[in-house]
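Each of the next two complexes has chain A plus one more chain, namely chain B in the first and chain C in the second.
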Partner chain A sequence: MVEDKENTASAGQEPVSKKAAKKQAKLAKKAEHKADTAAALAANEAAGDSAADHAAARYGLSEMIQSKDKRSEREFVTVSDLNAHVGKGLVWVRGRVHTTRAKGKQCFLILRQQSSTVQCILAVGDIISKQMVKFAGNIPKESIIDIQAKAVAVPTKIESCTEQLLELSVEQIFVISQAKAQLPLQIEDASRPENADDAEGLNIRVNQDTRLDNRVLDLRTPANQAIFRLEAGVCRLFRDILTEKGFTEIHTPKIISAASEGGANVFTVSYFKDSAYLAQSPQLYKQMAIAADFDKVYTVGAVFRAEDSNTHRHLTEFVGLDLEMAFKYHYHEVLHTIGNTFTAIFKGLRDKYSREIEAVGQQYKVEPFKFLEPPLILQFAEGVAMLREAGIETGDEEDLSTPNEKLLGRLVKAKYDTDFYILDKFPLAIRPFYTMPDPNNPMYSNSYDMFMRGEEILSGAQRIHDPEYLIERAKHHGIDITKIAAYIESFRYGCPPHAGGGIGMERVVMLYLGLDNIRKTSMFPRDPKRLTP
Partner chain B sequence: MVEDKENTASAGQEPVSKKAAKKQAKLAKKAEHKADTAAALAANEAAGDSAADHAAARYGLSEMIQSKDKRSEREFVTVSDLNAHVGKGLVWVRGRVHTTRAKGKQCFLILRQQSSTVQCILAVGDIISKQMVKFAGNIPKESIIDIQAKAVAVPTKIESCTEQLLELSVEQIFVISQAKAQLPLQIEDASRPENADDAEGLNIRVNQDTRLDNRVLDLRTPANQAIFRLEAGVCRLFRDILTEKGFTEIHTPKIISAASEGGANVFTVSYFKDSAYLAQSPQLYKQMAIAADFDKVYTVGAVFRAEDSNTHRHLTEFVGLDLEMAFKYHYHEVLHTIGNTFTAIFKGLRDKYSREIEAVGQQYKVEPFKFLEPPLILQFAEGVAMLREAGIETGDEEDLSTPNEKLLGRLVKAKYDTDFYILDKFPLAIRPFYTMPDPNNPMYSNSYDMFMRGEEILSGAQRIHDPEYLIERAKHHGIDITKIAAYIESFRYGCPPHAGGGIGMERVVMLYLGLDNIRKTSMFPRDPKRLTP
Partner chain C sequence: MYELKTLLPQFDIKLPTCMYELRNVSLSAGSAPCPQAREIQCNGAAKSERNNSKSATCALDLDILGQQIQHLLKNEDTAAILQRQEKVLKQLEELKAQLGLMRENLGVKVCEKSVQQTTASNNGGLKEIPLHDVVVNGHPNFIPYALLALKNAWRDLFTIDVKTFTHSTMADIGPAAREFEANLAKIAVNEALPKIKVTLIWKNCEHTEMISSPTMYVPIYGEVNIIRYLGRVGPPEYRYENSPLCNEIDAVLDICYQLLRCSTHKSQVAMVRLLDKRLNDQQYFGGNQMSVADIGVYSSLIRMPAIKDKDLTPALLAWRKRAKLITQI
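Up next, the complex of A and B:
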């Protein structure tokens, strides 16, 4: 699916000759004709006989929209704007058939447009024929249709639709794109609330793999529509807040020449006659941008981890929200900047995405995300003390296991009433070689993690900016200095002290909403077992 | 350089024992001591004898900034804000030594901070000793220093600095991060105007490879500082303008299971026990997002092309600004949206990035970018006619060669006075199989390219949204239907007509500024011969 025409030319496709083009035109004509015929057939079939159909021109299968004309006279109204048209003239609406049911002389059809739904009615009379009612009742679910209708106020609320105070009295109906009659999953099933009352176990659930295998359908549920709009909001807020703070966006290469830390968990790429790797993080490049005087930088982009981890929170490819910042004297200048960025993101989501949060809440149990301002900062040692107080045995220099991490999250929530906190001063022993040791206590380091609902979503640190000290620390870790020579070299031309961190975007969205699986917040997730769609 | 601690643990690094930690602390102490000693030594050496140095406490090599204390009493002033401090008290400034020269009892030092420069002066007297002057004169270029100084108005403009009306009278000077004495390139050389008067050929030029090999230094030139800030602006404008128009940002996978168009020009990745590919474009995923009701989407991300093209405008990895949009009846709804987005980007750059454009212009010959509002749209056939009028032989269904593309750009500029235009209705024969044919003329298609200064920067089209017609067209192109089954399948559940396009970010920046090589607008470029840094 390459767009660049230079590539297209070299993709080995034969150019179409004029003769072939003519044949093509014929085929297109034929397809058009077929559509018209199908419409006629559908109408006749609906009639069940050859009785004259006074509504014949008002419904059918539309020919494929090939940009033949602009039909600029048709002004379309969105479903959520329909209330402004109640009691007024005819409007055109395009949407999907969510459900449709013809019964006798009436057809009730629910039209869906993204997360909005509206009831449509066709009743036999002067305008509508019984053939037309039958046609409408037979349109496969998920087909895209154009209707011309009047918006009419209803006396009792329509509970099954988002537009509860009106319905559409349809006068014309055309199928724009017809869906298969058999769908691999029903939007209704895929949208069902997780905690719905289902004592008899009759409700069909759609499992994760079926959803992901048919992502185009699955993404149409109101919850998914909301999740990915909120995800776009997280990125937007991240960028806007940092831009406001004077950060510059950069782009870092994904294909790199050397696996930075010994080659563990890294994907290999064939690069012409050579081998290369996919970057596990943009860190080296962010640091180079700092050494190159960009002062404060961020980057949003794909990050790759060849870990064979099949958990609820690991992906092999995810979106990294990374930032790096020069500071004057203390890495807390950076730590506070990152902490405040999170606070601003949480506020932005709460204030600007309340509709999306509510939509997700209709299907999944979403507990409101709590945060403090300014954010809570605990020392690693304090965290250890809290765990010990709760009866957990854990060493001073031991990393937090996933269960301990989660428990600590619960303890912090109970004590401080916040779903977000920062753990500062991790033990030096469990951090990478380039982490700046704590000058005041050799057991610790100038590094931090940040947590949402008890799960780590950012890891960061002050980096060693002195090349000699970096060599010393790398040797101490048993790292082959020759393999990181280029990295060390970038600090030899003067480099300000700096710190930063990397955030997993999908994790932030998952944990903000309190969802149980990261595959719910990656549009097309990649894990060791999934490479499609 | 992995940040996730879970990875760190698995990267095979031994945890540091307490004993080792103590040793570590000792080493750090030693390094500190070394620094102090070095400062003392430097001072003594400067003195040339053991004479008492009354300024000894006011200069030296600072110990490595390890976040020991916050020194919050030191308020730093940026160079560009210094004019507000003229005639007032002492201020602290951190920056790089751009040049320094001690001569007798005085030292002239130019301090650089990103693109700003200011002259600093140290003169022997009550505050400054001759040792201190010598010390300042010996600081290697590009070192980062902290100075405490008074801003003083100067009677005659300092032409060599961006701050021309003031200089800094230094009272304290400390080296924060010392650069190597020998630099692989001089910022001065790398910043020299391309068209500088150099009759004797004495000026050193820095070639592209030397620049890229030492990118951390090269990026410090005022032109590069400006180029990458403007590039961030292009992305920001692209996103903001589309968000304003109701688009949603999405993220698409870079690792894909099948090479979409026969496997030409695609990088292969080892994926656990399997093989995978790097995406050449997000098109399939954008289209799936449209089929999934996101209506209007864009994505900014890495795109990979395994083409062995070593030209001024090809990269193997670049940043794609991609968008896709459902429309009602005519793909021109999308074409106009894209065209207007470009107009808004050009206006945004002109209005908000004039300083950056000017900075680039100091080094490279930048002709102002001209555009029309609304943008000029020509038919492909009109373009062919213009070329023929200029004496070029070219077929009706022949693609534009690069020289013809450039010539057409010049002809359009001469006739319409615009550096941006849209060429609509490309011949069907030279476009990919999924391009919608023109319903009114079988020789053409509903596809378009957009050009800046005569080079293609966007290619796009209405895509075929009807699965049967798509199969027909694929077969016509001799494509194995089984290999694109998943792609076709995504249109079987109802899909609105849609169109879109893909933009090469680096090309937009290169052509907007009129630069001659795409490596100038990629921070860390990748081409068939370059994988580093």
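Up next, the complex of A and C:
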């Protein structure tokens, strides 16, 4: 304390020289220390060298694997399957060094394989030499190693590992790929649970940008492993469910000649001598597929938005899951299909991805996602009535502002206990020109939004499929007809009535898991400030 | 009547001149103020002031008013007073129209169904205030049969429009709940009748609970209490609050609540005995009319499969047959 005070006091007077002096002193000390340790090491090594290493063939740095040997005699077991090998013979396991700690004649090493961890132990004995223990203790974290070991049951649970009932007694250990000794972030820090109330616990965090800059390391945390496996699940379920419903997957071009919607927020790219745009929605192409008699189509692909909005839920490139469907007489046929698709995705995630959801929940404390089956459908007017009841002033033809949207989500949650609901019949005035107006009330339209945890995830509508009426509506909105001539033209050769919508995969995963930032659910996110990695 | 003395001593109140005088609202609401009327008012005021200063006892202006009228009559201003009366009547008419318009607007804004409800209000249901659509959370193991019983019993009086959902906490609702759903769906919604929208959510919850407004989260627990709530908003035939049997019906419903909480067969039979005592050779609980009490007992007995026919008394069995005709479960 006293010293500190003195330092600060003197630092105030002549900061530069004092600091420099301190620095020098520190450096000198460091050098001294280094020399000491080096000497000790040399002495140790000399001692080690002099002692015969009876385990020399059982450890070491493996030569770079260039597919020289097949080594098909080595039987590898995944960490999660180890419990079937307890008390049996030797097995091979490949994994990463999560942590390693040599202490005298023993070395404890935690081996990690994706989200599973297991404790390994090396103790000096007949098989293992002192040098081998030392070697194991010095393997840098995150290196990939092959070990041959026996699975042994342990009397007390190992709390720090996912395999709590067994440990591996190592007999051979080889480093396959060595990691740098200095890591830009520690996996333990990156995977530490986020509970703000826990003042006692360690509070070391890795901030979002460090994570994203070193995404390869960051993605190794159990939560991230789970997030992206679940994201794959969302895509798979979307495909499977729609295929079962008779949909066809289509692929739409991402380089387009004219801005499909509006035109303000598209990326321009050079295209030989001309310029082109990156597609901000596959909508026109979905509709063209409908006009071409594909009846029900969906597409999974990148969507680009040149919006300079740095929020928790906007990306400039994301994966769009879009679907479009022809219907017979009423767009509710489509509305129910989309709603049921969502319910089926949620059910699939709940039933098949419970382990992943749990793993995410261990790091990010969130409420499990709740939904109703069949999905709850409210009319826009009913939503407005609920908001008014809660004391919010909002007009009948006014769009929901973000706070109102959130509040409505909370109200619906309080009343129906569901995180997913559909709002039907939006006011015509706030929807794009191609939206079909409601036949009974000109104020409303045949359009709908879907919400997860109070945030809009899908916006869709019955589209006008009659070219003349489309022109009329476009004129009403003051849109230059010449610019959308191609769009109108595609309906000239007969087109069935159709409706559809699209969702952003990252946003759905974020909201399903209740995460606070869309960058957590995009493997390599793109936003106005990030183009790498 | 007594004449009250003024409590305050008489002061000479000097009106400040720095402020505007407000126009008399009741007189000038319609068109430009009629000078005649204004004059009368002024006269009256002046007179009353004078009067006040004289007697200094009268707080109420009845005397003055009388004098004013006399004065008017004396002045043979009957034409003016007639004119004024007509004007007041006209203003009242306008006010009425205005209020009607407001009510209509409000009704439409708050709930789309209110118009329909007002037209059918003589049939039952609340008149002006639109009913909240309510949410009932129920566990498939404790099916609220009362909803179906009420729906059937009220089919010609009142519509309970039940929509069913399954909450994500329930993986499977089981055959009994599915059958219940199908039975609910069988009864067609009669748009002409007043109605309440009920959202029934199968959920992994401990109690059957009802939520009417999300802003004031005041859940109502227990099936019998939901019956009580529906009994209040339902058709007048089933509203029991003003009936002399009110206490009796409440007592029977309380027994139902206890019955549902009984875990041993012995205690259940004891509750059945209590019910039998209450029934006491009447046609229905509390008299000759079906009431919400019967709905409660009937629904509770369905939920108690352990209670067999042999546990019921002949009177209860006969009652059950009668009730079945109405509840149709």
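Note that in this section the second predicted complex is superposed on the first by the 475 of 533 C-alpha atoms of A that agree within 3 Å, B and C clash if a C-alpha of one lies under 4 Å from a C-alpha of the other, contacts with A are read in each partner's own complex, and residues count from 1 in each chain.
Criterion: contacts are C-beta pairs under 8 Å (C-beta built on N, C-alpha and C of every residue); 3 or more make two chains touch, one makes a residue touch a chain.
Small disclaimer: the values here were computed from a predicted structure and weren't measured.
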| item | value |
| --- | --- |
| Joint occupancy of chain A by chain B and chain C, clash or fit | fit |
| First, second, both or neither for A:84, with chain B first and chain C second | neither |
| Which of chain B and chain C A:481 touches, first, second, both or neither | neither |
| A:181 touches, of chain B and chain C: first, second, both or neither? | neither |
| Touched partner set for A:417, first chain B, second chain C, both or neither | second |
| Which of chain B and chain C A:376 touches, first, second, both or neither | second |
| Which superposed partner A:386 touches (first chain B, second chain C, both, neither) | second |
| Chain A residues touched - chain C or chain B, whichever exceeds | B |
| Nearest Cα pair across chain B and chain C, whole Å | 16 |
| Chain B/chain C common contact set on chain A | none |
| Complex interface listing, chain C residues touching chain A | 109-112, 135, 137, 165-169, 171, 199, 201, 203, 211, 213-215, 217 |
| Contact footprint of chain C on chain A as seen in their complex | 346-347, 350-351, 368-374, 376, 381, 385-386, 388-391, 410-418 |
